[in-house]
Structures are given as structure tokens and as C-alpha cells.
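Two complexes are shown next, each including chain A; its partner changes from chain B in the first to chain C in the second.
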Partner chain A sequence: MSEFAAQLAGVGKDYRFFSLQDVSLVIPVGQIMGFIGPNGAGKSTTIRILMGLVHQDRGEVRLLGRQMPAAQALAKQDVGFASEDMRLYDAATLDWHMRFVQSIYASWDSAYAQTLIKRFDLRPEQRMKSFSRGQRVKATLLLVLARRPKLLVLDEPTTGLDPVARHEVIRELSDVMLDDHRSVLFSSHNTQDVEQISDQITFIDRGRIIDCRDKEAFLERWRRIRMELPADLALPVLPGVVDVKQSGRLAVATTNAFDARLPNAYEAAGIRVHAVENMTLEEIFVTNVMCSREEVNA
Partner chain B sequence: MNAMLVRRLIAKDLYLHRVPLLLIAGGGGLSIATMYAGGIAGLLGTISAFIVLIFLSIVLPMQTVVSERKERNLPFVMSLPISPADYTVAKVAFNVSAFVALWLAIAAGVLGTFSLANSGGVIPLGIAVALFPFVSFCLQLAVALIIESELWSIVTMATCNVSYSFAWVLLSRIPGIRDELRGAVPIWNQTVVSLVSIEVTVIVAALALTFFFQSRKTNFI
Partner chain C sequence: MYLQIIEQVRQRIAVGDWRPGESLPSIRQLAADLQVSVITVKRAYLELERDGVIATQQGKGSIVAANAHLRSRIHDQELAAHLTQAARIGSLLGLSPRDLQSRLRAAIDQQADVDKERT
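On to the complex of A and B.
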């Protein structure tokens, strides 16, 4: 088997008002890839291309080692896909859905399905139309998880969930990853969810991948430096600084390549460094997107 | 093609749409039973059997294709290990099988009643008329699957429904059809055979075009 659960190389797709441009992405086996982008950034399009639901105009896609979209029926045998816009049949019960999915997947784990029913507090005899939004999401995840897929592809699964339901879903996904051979692609615009469970993170904006690396690398490399400048001194331009905000003599520099020498360099220039702060993933994401847009617009 | 999965998808549609199909079957049976009474009741039974066929031609594509897309069940179906071709085969197979089964039963019941009433001359026209909803059904199914638009499905449905009235009037004025209506035995003249041939051609073309356009599609959700 391939060492990558999924690979996209130079993938493009053109619509009238939107283009996915040169998307390259790999999800190693046993990793959780957080896929973050604003609304309309291209997350769902990328995921649909990965699943063979939309055919790429350019580039190559492999899912569990199989060429997509040509071999999608075989590849999807080992992939669990759930998306925010996916609905189960209102007129049928959860039990009917479970029997339907079980009849298709030999890997269906009935005992695990029963565990999930209890953990998610669902009633199998209930029709889907009487389920709340959170229950529908959990029911969909149950159908996906109980088939024990090698790769989980989740497109905004926690959107619209209350904090408790979100916590339950995230906890379940964390448990799934106790199996080293399973991989997850988890798309969201909620950076908190992604930060909790992801090993790797990819940012996408306006149809382009703008950054992709280990979560720890993101958190290590991005820092905010708060400084006070002497009255007659302009803030020097230092390598690795991607954003500067200045208000009077107070300045905040943001770097995506933090090195302990950077504050020293400011100090050496006569600038007083007040603090070097860690950034949350959300702050990193927003800064990254804004810097990327400025580069494109420049 | 994954035959096992196609069968599962067909069984799924049969389960999910069993109630409207049973109601239509019941409506068809009731219409035929009413026809046996003869006179005005017989006429009403004939008309209601035709209306049941029209319902059938609308309900199947709207429920199994348009509604599935509108209710966002399609991503769930397409997340299963199937190809778009499997999906198309399953949808066409279920729709055509369900339609043909009920259409055959209702049309045979109506035409059999005419035959028993010594009005066999109506049978060629009856078959041509009964094929109208079949043509309409295939066009609606093709539009629902190919164009994927609820609006265009409704436009197709409305156009087909309006065209029934015109077809009735036109048919009753064609001498080759009108002149044989009151006979005791069916007479298959060139006019009726041509009409039925055109209808069958449209049915086959609509289904063939459905597979053709579906195979060229690049977006399925």
C-alpha cells in the first residue's frame, strides 16, 4: 500500500467565478490533516475532487493509492466520507440506515456501532426527520466510523453543532486515531476543532494552498513581538517578519520564522522588546490569509 | 459496474418509495374496477386510470431523483463505493422497472376491460394514449438526471401535462384512428403503428441520451 492515504498533485478546477489552482497535498498514513480555509476558499471543491464527485480539469489525484476519479468505486470502499451538506433519508430510521450501510461494507463493526449509539445517545428506531442537527451529524459519523475506514474525509463535520456535541465528535475522532493505520482529512473554518486533533495543517484561500506543515511547526515558527520604538527610529525590516502594525511608538511584528535572534536584533537596533507571544492557530491562520492576499494583490 | 451495489440502491429506492407506489397501484386498481360498471362510471374509470398513469410518470422522477438531490441525500449515496455510472444505472433501472410494472398492469387492465366490453377497436388508440405518460415519464427522468434542476424538471412536467390535452384532440381528428374506434376488433393501420413507433423511439432516445450525457458529466454534486 502507498505510504500516503491521499495525494493531490497540481490539481486545478475552473468554474465561472472560482478556480482551484495548482493544489498539491499529501496525507501520510496515520496522520490527521486539518484543512482550514475561509468560506468559499475551495475546501469542499478540493474534497469533492479527492472523492471523485467532481472531476479535476488538471492534475493527478490518488486516493489510497488508486487513481481518481477513474477508480473511485474501489477507492471509496475504504474511505468514510461525511460532509456538512450531507443528509440521511428523513423517512427512514437510523436502524434502517445502519442495516443499509452494513449490507454494503463487509468491514462493518456491529459492536462498535452499538458503542457509538450509546456514546452519542442516539435511538436507532427514530426516523431521521425527528433528529436534531447535532443528532443528524452524529448519526452520519456513526455510519462512517462503524465501517472502520482506512481514511476518513470529513468536510466541516462540526459546523452548526453546539459545544457539547462538538466535543463528543472531536473526542471520537481522537479515539479513531489510536489506530496508527487510519488517516483523517478534516476540513473546517473552526480552527479550535482542527487545532485539537490535527497532526498536520493546510491553509487554503481563494483556491490556492497558502501554507502546509506540521501543527507544531506552525505553533513554533509563528510569534508576535510587541515593541516600543524610540521617538526618532523607524522599525527596521527584518527577514521572517510578515506583518507589522504600528501605532505611535508601539509596534507589533508578526513572524512566521521565529528565531531567538530576532528579538535580539530589534534590541540591538535600540528598540525595546516588551513581549514575545505565542499565537493561536486562529491568529496564525488569519495572519497567513491576510499576508497571502496582500502578496497576491501587490 | 458493481452489480451488488446497484441492486442495493434499487432495493433502497423501492423501500423508500413503497408508499406512493402502493397508493398508485391502489388508485389504478380502483379505476379499473370502476370501469367495469360501464356507462358514466366506466368513462370516469377510464379517465382516472389515465390520471393515475400521469401521477406515476411525475412521482417517480420527482421523488427518486429531484427530491433526493434537493434533500441533499445525494452526497450520502455518492459517498458509497459506487461510480456515477452505477448511480445512473440504478436510478434508471429502478424508475423504469417500477413504472413499467405499474404501467403494464394498469394499461392491461384498462384495455382488457375494453376488450371484454366488445370495444376492441379502442385498443390501438388506447395503447397509443397509454404510451403518452410513458414518453412523459422518460423525458422527465432524463431531465431530472441530466440537468439536475428542480425548475427544469417542473417545466418538463408542466409541458408534458399540457401536451396531453392537445394530443387527445389531435388524435381524435386523425381519420386513420377515429374511423376504427367503434369497431369490435382492434385494427392496426399505418397511422396507429407510426404513432406508436414514434412514441417508442422517443422513449428509447430519452433513456439512451440519459446514459450518454451522464457518462460525460464531470460534476455529480
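On to the complex of A and C.
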């Protein structure tokens, strides 16, 4: 078994109005990878390629060590995939769906399925067509979680859920991690969910991976420095600063390579540093996307 | 985020929930309990180890360090951090050192009153 639950190397796919370019990422075993991007950035396309639902034009894809899409039947035995457009049979009940999945996968854990029914507040005898959107999402997650797959691939699992249900889903995902042989890839545009439970974070925008590292490293490297400039002094350009906003004598510099020497360097230039602030993942994400778009346009 | 975990672990040790020599939950267990990522707890444990609050034995997990002065040292570090903050905010507000001192004096008196009422 390889040390990666999934690997993509140099993957590309061209559509008429969109192309996925040179996507490379790895999901280490025993970790949660949060995959963040704005709408239309290529999150779902990447996930579909990983799952063999769409075939890449270029690049290598391995799922649980198996070549994709060639060996997808074998690889998918141990992968649980859930997305918003998952087909459920409207006329059938949740219980019917559970028995159906159980008949295909030997790993189905009935006791765990019962626990999830209670936690997600679902009724097994209810038909899918009378499920609300949120209940449908939870039912889909239940059907993959109860198989206890080695890798969970979840496309926007918390989108459309109310805060209580979102909390339940996050709790289940963090429980999955008690087992260090299991891994999770989940995409979201809700950075708050990702920030809470992800070990690794990948940002994607306009079909390209713009950043990818472990979460603590992300939070560590990005800082905002608030300063007061003496009259008629321009803010010096320092390495590692990706964005500067100035209004009057107050300036805010954003860095993606924070080092304690940076505020010292400003001080040495005669600038008064008011505060060095941590940034949330959302702020990091937005700044990161803006900077990368500027670079592309430049 | 790992700073919050460090704070929580320190507090549990400070209030005596976790005693010197006692085992800490495994990284994965604590991550699941707090619903945070494994890597965050790992980072917090590393820092706590560096500060001598916990000790990690290969393959055995982590234990609370057998340091008798742990409680006071944790509080001491907390106090130092708060005082630094107070000095910083005082300077932002343009308070003179004398003003800041009298504010501290007032806070001490207030706490003394609270303590008196309790006894």
C-alpha cells in the first residue's frame, strides 16, 4: 500500500470554455485534505477525474495505489464518493437504499448506519422524494460513511446544510480520523469547515492549483502587519510581502512568508508597527486568489 | 488554532484534571474529541513538549511532565503574556506609565475585594 491515498500528477483536461491545467496533488494516508476553490474553479472536474467519471486528457492519476481510470473497478471498492448530484431513487425509502448498498459492499457496518441515522436525524422508512435537500445530503453521506471506506471523496459535503447538520458531518469526519489508515478528500467553498478539520489544504482557481500545503503552515506563513508611517515616508518594498494597502499614514502589509525579521525591518526603516495579526483561512484564500489572478494578468 | 489547544491542555493541567505522570489522550483521540485536524493537535503537542509541559515517549504516547512547578510556571507565562499585552495597549491608548500603573493598582484592589467577599 502506498503512503498516498490518492495522487494526481500533471493532470489536464480541456473543455470548450474551461481547462484544467497541470493539476498535481497528493493525499497522504491518515489525513484530511480540504480542497478549496471559488465556483467554477475546477474542484468537481478534478474530483470526477480522480473517481474515473471523467477521463483526463493528460497526466497520471492513482487512487489507492491503482492506475485511473484503467483500474477503477478495483480501486473504487474501498472508496466512498458522495456528491450533490448523487442519484437516489425517489420512489424508494432510505432503508431500501441502505440494504442495496449493503448487498454490494461487504464492509457495510449496520450498527454504525443505525448510529448515523440517529445522529443525522433521518427516518429509514421515508421515501427519498419527500426528503428535504439537507436530508438528501445527509442520506448520501450516511450511505458512504457506513461502508467505512479507506478513502472518502466528498464533493461539497456541507453545502446546503444547516449549522447543526454541518456540525454533525464535521464530527463524523473527525471521527473517521481516529483510524490512521483512512483518508478524506473534501471540497468546499466554506473555508470555515475546511479550516477546522483539514490537515492539508489545496487552493484551486481557474483550473490551476495555486497553493497546497499543510494547514498549520498556511496559517503560520500568512500575516497582516498594521503600521503607521512617519509623514512623507514611502513604505519600503520588502520581500515576502504580497499585498500592501495604504490610506494616509496607516498601512497594512500582507505577507505569505512571515518571519519575525519582517516587522523588525519595517521598524528599522522608521515605521511604527502597531500589530502583527493572524489571518483566517478565508482571508488567506481570498488574498491568494487575488494575487494569483494579478500574476496571470500581469 | 493550535494555540487554543495548547491553552486548553495547559488549563486542564493547571486545574489538576491531568496530573504529572498521567497519560494524555492520543493525538488522534484528542483531534476527534475537539473536532479539529490531527495536524493541529500534533503541532500543539510538539510545542507543549518543547516547553517541557508534556513528555512524549516513542510508541507510548505523551504524559504530563513530572515537573512540580508546572502549575506556577504555566500561570507565570500567562501573566507575562497579559502584562505585555497591557503595556502594548496602554501605549496605543497613549497612557503614561503612571496611568498604567494606577490602572493595575485599581485592578489589584478590585480582585482583593472579590477575594474578601468569598471568605
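The rule is short, and it goes like this: the second predicted complex is superposed on the first by the 297 of 298 C-alpha atoms of A that agree within 3 Å, B and C clash if a C-alpha of one lies under 4 Å from a C-alpha of the other, contacts with A are read in each partner's own complex, and residues count from 1 in each chain.
Convention: a contact is a pair of C-beta atoms (placed from the backbone, for glycine too) under 8 Å apart; a residue touches a chain by one contact, two chains touch by 3 or more.
These figures come from a predicted structure and were not determined experimentally.
Undergrad: Put the two structures on top of each other at chain A: do chain B and chain C fit, or clash?
TA: fit
Undergrad: Look at A:Y89 in the shared chain and tell me whether it touches chain B only, chain C only, both, or neither; answer first, second, both or neither.
TA: first
Undergrad: Identify the partner contact of A:K76: answer first if only chain B is touched, second if only chain C is, both if each is, neither if none is.
TA: first
Undergrad: Would you please give the vertex angle at the Cα centre of chain A, with arms pointing to the Cα centres of chain B and chain C, as a multiple of 10°?
TA: 150
Undergrad: A:D199 contacts which: chain B (first), chain C (second), both, neither?
TA: Second partner only.
Undergrad: May I ask you to decide whether A:E216 touches chain B, chain C, both, or neither, giving the answer as first, second, both or neither?
TA: So A:E216 only meets chain C here.
Undergrad: For A:I170, is the partner it touches chain B (first), chain C (second), both, or none of the two (neither)?
TA: second
Undergrad: In the superposed arrangement, which partner chain does A:F100 touch: chain B (first), chain C (second), both, or neither?
TA: first
Undergrad: Where does A:V54 make contact in the superposed view: on chain B (first), on chain C (second), on both, or on neither?
TA: Only chain B; A:V54 stays clear of chain C.
Undergrad: Given the superposition on chain A, which partner contacts more residues in chain A: chain B or chain C?
TA: B
Undergrad: Could you say whether A:D109 touches chain B, chain C, both of them, or neither, answering first, second, both or neither?
TA: In the superposition, A:D109 contacts neither chain B nor chain C.
Undergrad: For the superposed arrangement, tell me the lowest C-alpha distance between chain B and chain C in Å.
TA: 26
Undergrad: Same chain A residues contacting chain B and chain C, which ones?
TA: Dual-contact residues (chain A): none.
Undergrad: In the complex, go through chain B and note every residue touching chain A.
TA: Those residues of chain B that touch chain A are 2, 5, 8, 12, 15-16, 71-73, 75-76, 78-83, 86, 218-221.
Undergrad: For chain A, which residues are in contact with chain B within the complex?
TA: 48, 51-55, 72-77, 80-83, 85-92, 96, 100, 103-104, 140
Undergrad: Applying the document's contact rule, which stretches of chain A touch chain C when the two form their complex?
TA: Going by the criterion above, the answer is residues 30-32, 170-171, 174-175, 177-178, 180, 195-200, 214-216, 219, 274.
Undergrad: Taking the complex as given, what residues does chain C use to touch chain A?
TA: Within the complex, chain C contacts chain A at residues 1-2, 28-29, 31-32, 35-40, 43, 92.
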